[in-house]
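Following are the structures in question.
After this come two complexes, each holding chain A, first together with chain B and then together with chain C.
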Partner chain A sequence: MKRVKAVLGDDPEIAFAERRYKMIGGILEECLTKTETGMTFSDKLDKVLLNKYLGIPIFLILVWALFQFSIEASGVFMVIIETALVTVGAFFGTLLEGNEMATSLVQDGIFGGFAFILPFLAPIFLMFLGIAWLEDSGYFARAAFVMDKLLRKLGVHGKTFIPMMLGFGCNIPAIMACRSIEGEKDRMISILSNPYISCGARLPVYVLFAAAFFPGFEGSVIFSMYMLGLAVAIFTAWLLRKTLFKGEPEPFIMELPIYRVPTLRESVLHMWERGVVFLKKAGTWLFLGAIILWFMSAFGPAGYLGIDPDVSVSYTGILGGLIQPIFAPLGFDWRLGAALIFAFLAKEIAVESLGIIFAVEGDIAIGGALAGVFSPATAAAFMIFILLYIPCVAAVGTIKSETNSWKWTLFSVVYSIIIAYVIAAIAFALLSAIGLGVIGGA
Partner chain B sequence: MTVRVALIGNPNVGKSVIFNNLVPGARQHVGNWPGKTVEKKTGKYRYKGEEYELVDLPGCYSLTARAVDELVSRTYILEEKPDVVVDIVDASNVERNLYLTLLLMELETNIVVALNQMDVAKSKGYTIRTEALASRLGVPVVETIATQKVGMEKLKAAIENAAKSPKPASLTYPSDIEDLIEKLVTILSADASLVTHHPARWLAIKLIERDKEVLEMIQETTLDSKIEEVFA
Partner chain C sequence: MAVADKNGTGIGLYSLAVGLVYMLVGGAQFVNGFIGYETWIVPGDWFQGLVLVIIGLVFSWGYVLMRKGDHEWDSYLSIGSLLAGIIFMLYLFMMLANGLGWALATVPRWVFPEVPDWCLSFEDWLEWTPMEQFQPGLWLFSVAIPGAYLTLKAHMWNKSVP
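And now, the complex of A and B:
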C-alpha cells in the first residue's frame, strides 16, 4: 500500500494545497479566458502613487493637504460656533448679574473653558472627514505599502503603519488595531510606538498656540508637529527593534484594494462614527472638568479669591507650581505646568484649563494673553511636550489591556516623558538660538 | 421554518455589501462570536414567504485550525450545519478564490457560489463561462455585481433552490490521493459517532494534512495506531 509520504512527500499540507491549485488550474482552463486589456485605471494610479521615488513625497503631500484642509476649511465653522457661544454667554451673563461667584463660574469656567474648546471640534471633525476619505478611497493600504520599504530598513513591520495612520484620529482604536499584526514582537513594537502619533485631541493645542505665536504659518507649524510625532513613532519602533525586541520583522503580505471614489454619505458617516466620541467626551468629561478646573482656579487655601485674582495662589497655581521648576529651563510657568497635569486626562483639557486660568485672571482674548506671557520658543516646546508625553489616561489603559503587562505600560509612560522633555528642550534651545526665545518676539 | 444561510468568502470580495443588500439595515444584528474578538453579524430576510437567517462568517482564505477567524468559520459550518453556504468568489481573482470553494466542497456543504465583482473581472479582460464553471464544480453559480445590486434576485432564488433540494458538494481528487482518502475513511468508519458528526472524507483529508484539531480529535479514539500505519 502506498503511504502518505510516498504520495505527498514530507510536507503533505503544502503538497495537498498544490494539488488543489492544480485542480483549479484545470477547471479554469475550460471556464476562463483572459484577454490583455492593458493597465486598468487602478494599475496606472498605482504606477505613480507606489513609485519608488514618488511614493513617499506623494504621501507627505497628501497628509499636508489633509491638515491644510482641516485648518483652512474649519475657520468659518469655528467663527460660527464662537459667535453662537458668545450670544449664549452674554444671555447667561445678564441672567446672573449681581452674583459674583456664579457669574465667574459661568463666564470663566463654563464659557472661558468648556465653551472655549467647542469651536475646536470643527477642525477635528474635518480631519476625520479627510482621514475617512483617504481610507475609503483605498489609499491607506497603499501608504502602508509605500512606507514598508523605509520601515523595513529600520527593522519595522510595514503593517505597523496602518495603526499609525488610524492614530491621526485617535490612538485608542489605533492601539487596538495592532491586534491584526501577527508576530508578538511586531505587535508589541506597534503598540508601544503608536502613542507618538498625533491624535485629534492634540489638534486644539496646536491650533491655539500656532495662531497665537506663529501667525501666517499655522498650517506649516501644525504639519511639522504631526511629522515630528510620526518621526518619533518610527524612531521608537526602530529603537525597540534594536534593543528590547531583537529579530527580523515577519514578511509583509497585503492585498491592495482597487481605488474608488468614496461617496460623500459614506465618508460623512465614517467621520461621524469617530467624531461622536469627541462630542460625548465634550458633553461629559470636558464639561465636568470645566467646573472642577474653575473651582480649583478661583479658590485657594485662603478661600474664594475674588474678581480677577492672582490665580498663582489658587489650588491650580499651587499644583502647577509643584512641577514648574522641572520645566523652568523651557520657559514654562505654573500655568503651563498645571495644563500639563490636567491634560493627562485628555489632551484637549490643556486648552480648556488655559482658557479657564486666563479667564479667571480676567483675560478674555487668550491668544494675546498667551503671547504676552510666553516666548515662541516656549510655545513650541509646550506643543512638542503635549504631543509626546503620556498619551492620555484612556490610551494608557488601552496599552495595559493590549500588552497585558503593567511593566510595558509603565515603560511606555516613563519613556514618553523622557523623550518629550529631551525633544522639547532641543527645540527650545534651537529656537532660542535664532532669536525666538523672547516674549513678544516672533 | 427558517432557512439558515452562511455567507463566506475571502477578504475584500464584497461579502458585507452582499450581506447589506440581502438584509435591510434594521434587521441586522452585530455581536461577537462567543469568547472571541471576531465580529459576528447576523440578520433575517424574507423571500417568497419563507424566512432566511443569514450569518456573515469572517473573511478567510482557507479553513485551517491556525487562525482564529478561519477556525470560527469552519467550526460554525461543522457544528451548526447551515442549510446553505453562500461562497462569495471574486470573479477578478477566481484562481485564488476557488481555493476556499474547494475546501467548502471537501466539507460537503450545500453550496451556492456568487461570482461577484463581475464588472471588475470584465475590465481586467476576463471572460468566465459561468455555466461551464457550475457544471465542473457541480454547484450552482450566480453572477453578481454587489456594489450595483446586480444579481441579488437571482442569488436569492438560487439560495431558495438550494434550500429546497439540498445537494452536498463532493470533490474527487486524482487516484493516488483518493487511495489514501479511501483507506483512511475505512478506518475512520469504525468510530460511528465520529463520522456521523463530521464528513468522513473531510476528516481523512485533514488527517493527511496533519491538521492540529483533527489530530487531537483522533487521539481521543482508539483508531490512533491504525491511522499511523497509513502514514508511516
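And now, the complex of A and C:
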C-alpha cells in the first residue's frame, strides 16, 4: 500500500477517484455536445452552501429552523391527541367501574401512560418531515461535506457525520450505518460517538421540560440540547482518535447528489417510515413500560396501595430513593432518579414515569407539577443527563452486535454515564450561579 | 440561467440593501434579547436575531463578490432569498397551527350553548393573537420577495432546458 502511495503520489483512494472522474469527463467530452456552458443551478447553490465561512452558519440556521418548526408548531396537535386519549381512557374506565384495580390499570396505567407519550408523535413526525425535506433536497450530503473540514481538523472521518445526521432520527439505524465506513478505527470511532446524537425518543423529555421551565424559549433550548449532543459526539470522536484509536482518518470521497425540490408525497413517505418506528415502540416497549411502571407505582412491600397511591412508599419510590444520593449534587430527587432508571428501556418512558409518579393527567399538568418542585437548573441538568447517559437498551444491543465486543459495549455505557454526570453537574452549577437554581427562577 | 444577466448592478445593490436591512433588524433583535427590551415589531430573542444577521450576511456577500467581478455572485442572492423564504414559511406555519388552537378554543363557545369538556384543553389559545407570530423573520420577507421571484424564475428556466 505504501508503495502504491509513493508511486501515485497521493492516497490511492483519492488517486483512483481522480483518475476515474478524469476518464468519465474525457468520455463525456467526446460523446456529448453542450448547448450551454457555465455553472448549473446546483453548482451555484453549492458555491454558497459549501462556502468556507458561510457553510456552517447556514447549516445551523437550517437545523434551528427544523427544531422551531417541529416544536413551536406542534403544541396544538399535541393537545388534540392528548384530549382524545384522555377521553377514550375515561370511557374505558367507566366500563370497568366497580373493579378498582382494573380501572386503575386501564385508566392510569395504560391510557394514562399513552396520554403522556403519544402526544409527542406531533413534534416527532414534524421533525421527521423536516429531516426528509433536507435529505430529499440533497442538502444532507452537503452538510457532511461542510462538516468534514471541521471534523478532519479534529482527526475524525468526514463520513462519521452521515450516521450522526441519521442519529437525529434514531441511533439504532445510525449505528448500523457506520458499516459503510471503511477503516476499522474510523468505524469504531463512529459507532462509539453516535449515541450522543439526540434521537427522536429524547424529544418528548425536552419538550416537556423546556415548556415547563423555559416558556417562550422552547425552540432555542431544544436546539441547544441537539447542538450539545453533536458537540459531545464530536468531542468523543476526537478523544478516541487521540487515545484509543490513534492514526490518520481515511480519505473522504463522496458523490454529491444534485439538488431537487422534494415532493410532498416522498417527504411524507419518508416521515412515515421513520415515525412508524416510534409508533411500533409505543405499542410494544412503551406499552410494556406503562404496565411495569403502573405495577411498581401501585404496589409496594405493603401490597396494593389503592387509587392515587403515595408513590414514595411504592417499589418505584424505593428504587428512586436508592440512587437519589448519587444524583443529589445535580438537584435530582428520588422521582427524577426513578425516571432515569425506567428511561433505560426507552428514553420517552422518563415522561411516562414522571406522569405516574406525580399522579397527574396530561403533559400540561405534569409540566406544572414539575415546575412547582424543581428549579430550571435541575431541569437543564436532567435534560442533559437524559441526552448523554446510556442510550436505550436496544441501542446498547446494537453497539454490541456492531462492535462484536462486550468490552467496547461496556466502555460505551460507563463512559456515557461519566460524561453525562460531569456535564450535567457543570450545567447545574453554572445555572445555579446565575440565579436559576431556585424553584420558579426562569 | 443567471438570476441577474442584465441590470446586474441594480440587483447587486438590491441584494446589499436587503442584506443590510436583515442585519440591522437581526442585530436589534439580538441586542433586545440580551437586554430584555421588547417592542412589538422587534421582540427580543438573541438566537432568532443571529439567524437574521447570518441571512443578511449571505445577501451582502453577493454584493461584495459582484464588486470583485465574480460572475457567480447572484448565487448568494438566491440562497439568501431561499433562507429568508424558509424562515417566513416557518413563522407562517406556526401562525396557522396556533390559529387552529385558537379556533378550537373559541368557535365551540359560540356554537354550543354549553362549553364541551374537550374545548377546555385548548384554553391556552384563548388569548392568542396573530401578533404573537408577527416576528421580524415573517415581515422582513416582504423585502426579499423580489429576490425570491428572480431565483424562482431562474430555477424554472433552468429546469426547462432539455
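Heads up, the rule we're going with is that the second predicted complex is superposed on the first by the 396 of 442 C-alpha atoms of A that agree within 3 Å, B and C clash if a C-alpha of one lies under 4 Å from a C-alpha of the other, contacts with A are read in each partner's own complex, and residues count from 1 in each chain.
Everything that follows uses one rule, which is that a residue touches a chain if its C-beta (ideal position, glycine included) is under 8 Å from a C-beta of that chain, and two chains touch if they have at least 3 such contacts.
Being a predicted model, the structure only gives us computed values, none of them experimental.
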In the overlay, answer first, second, both or neither for which of chain B and chain C A:72 touches.
second
Between chain B and chain C, whom does A:243 touch in the aligned arrangement: first, second, both, or neither?
neither
Who does A:220 touch here: chain B (first), chain C (second), both, or neither?
second
Let me test your reading of the model: by the given contact rule, A:23 touches which partner, first (chain B), second (chain C), both or neither?
first
Once the shared chain is lined up, is A:40 touching chain B (first), chain C (second), both, or neither of them?
both
After lining up the shared chain so the two structures overlap, which partner does A:83 touch, if you call chain B first and chain C second: first, second, both or neither?
second
Does the superposition put A:404 against chain B (first), chain C (second), both, or neither?
neither
Determine, under the contact definition given at the top, whether A:94 touches first (chain B), second (chain C), both, or neither.
neither
Counting contacts the way the document defines them, which residues of chain A are shared by the two interfaces, the one with chain B and the one with chain C?
35-36, 40
The answer for chain B against chain A in the complex is residues 11-12, 37, 94-95, 98-99, 102-103, 120, 123-130, 132-133, 136-137, 173-174, 176-177, 179-180, 183, 205, 208-210, 230-232
Give every residue of chain A touching chain B within the complex, in rising order.
1-5, 7-8, 12-13, 16-17, 19-21, 23-25, 27-28, 30-37, 40, 179, 255, 257-258
Which stretch or stretches of chain C touch chain A in the complex?
1, 45, 47-48, 51, 54-55, 57-58, 61, 72, 74-76, 78-79, 83, 86-87, 90, 93-94, 97-98, 100-101, 104, 117-118, 121-122, 124-125, 154-155, 158, 161-162
Interface with chain C, chain A side, in the complex: residues 35-36, 39-41, 44-45, 47-49, 51, 54, 57-58, 60-62, 64-65, 68-69, 72-77, 79-80, 82-83, 87, 217, 220, 223, 362, 364
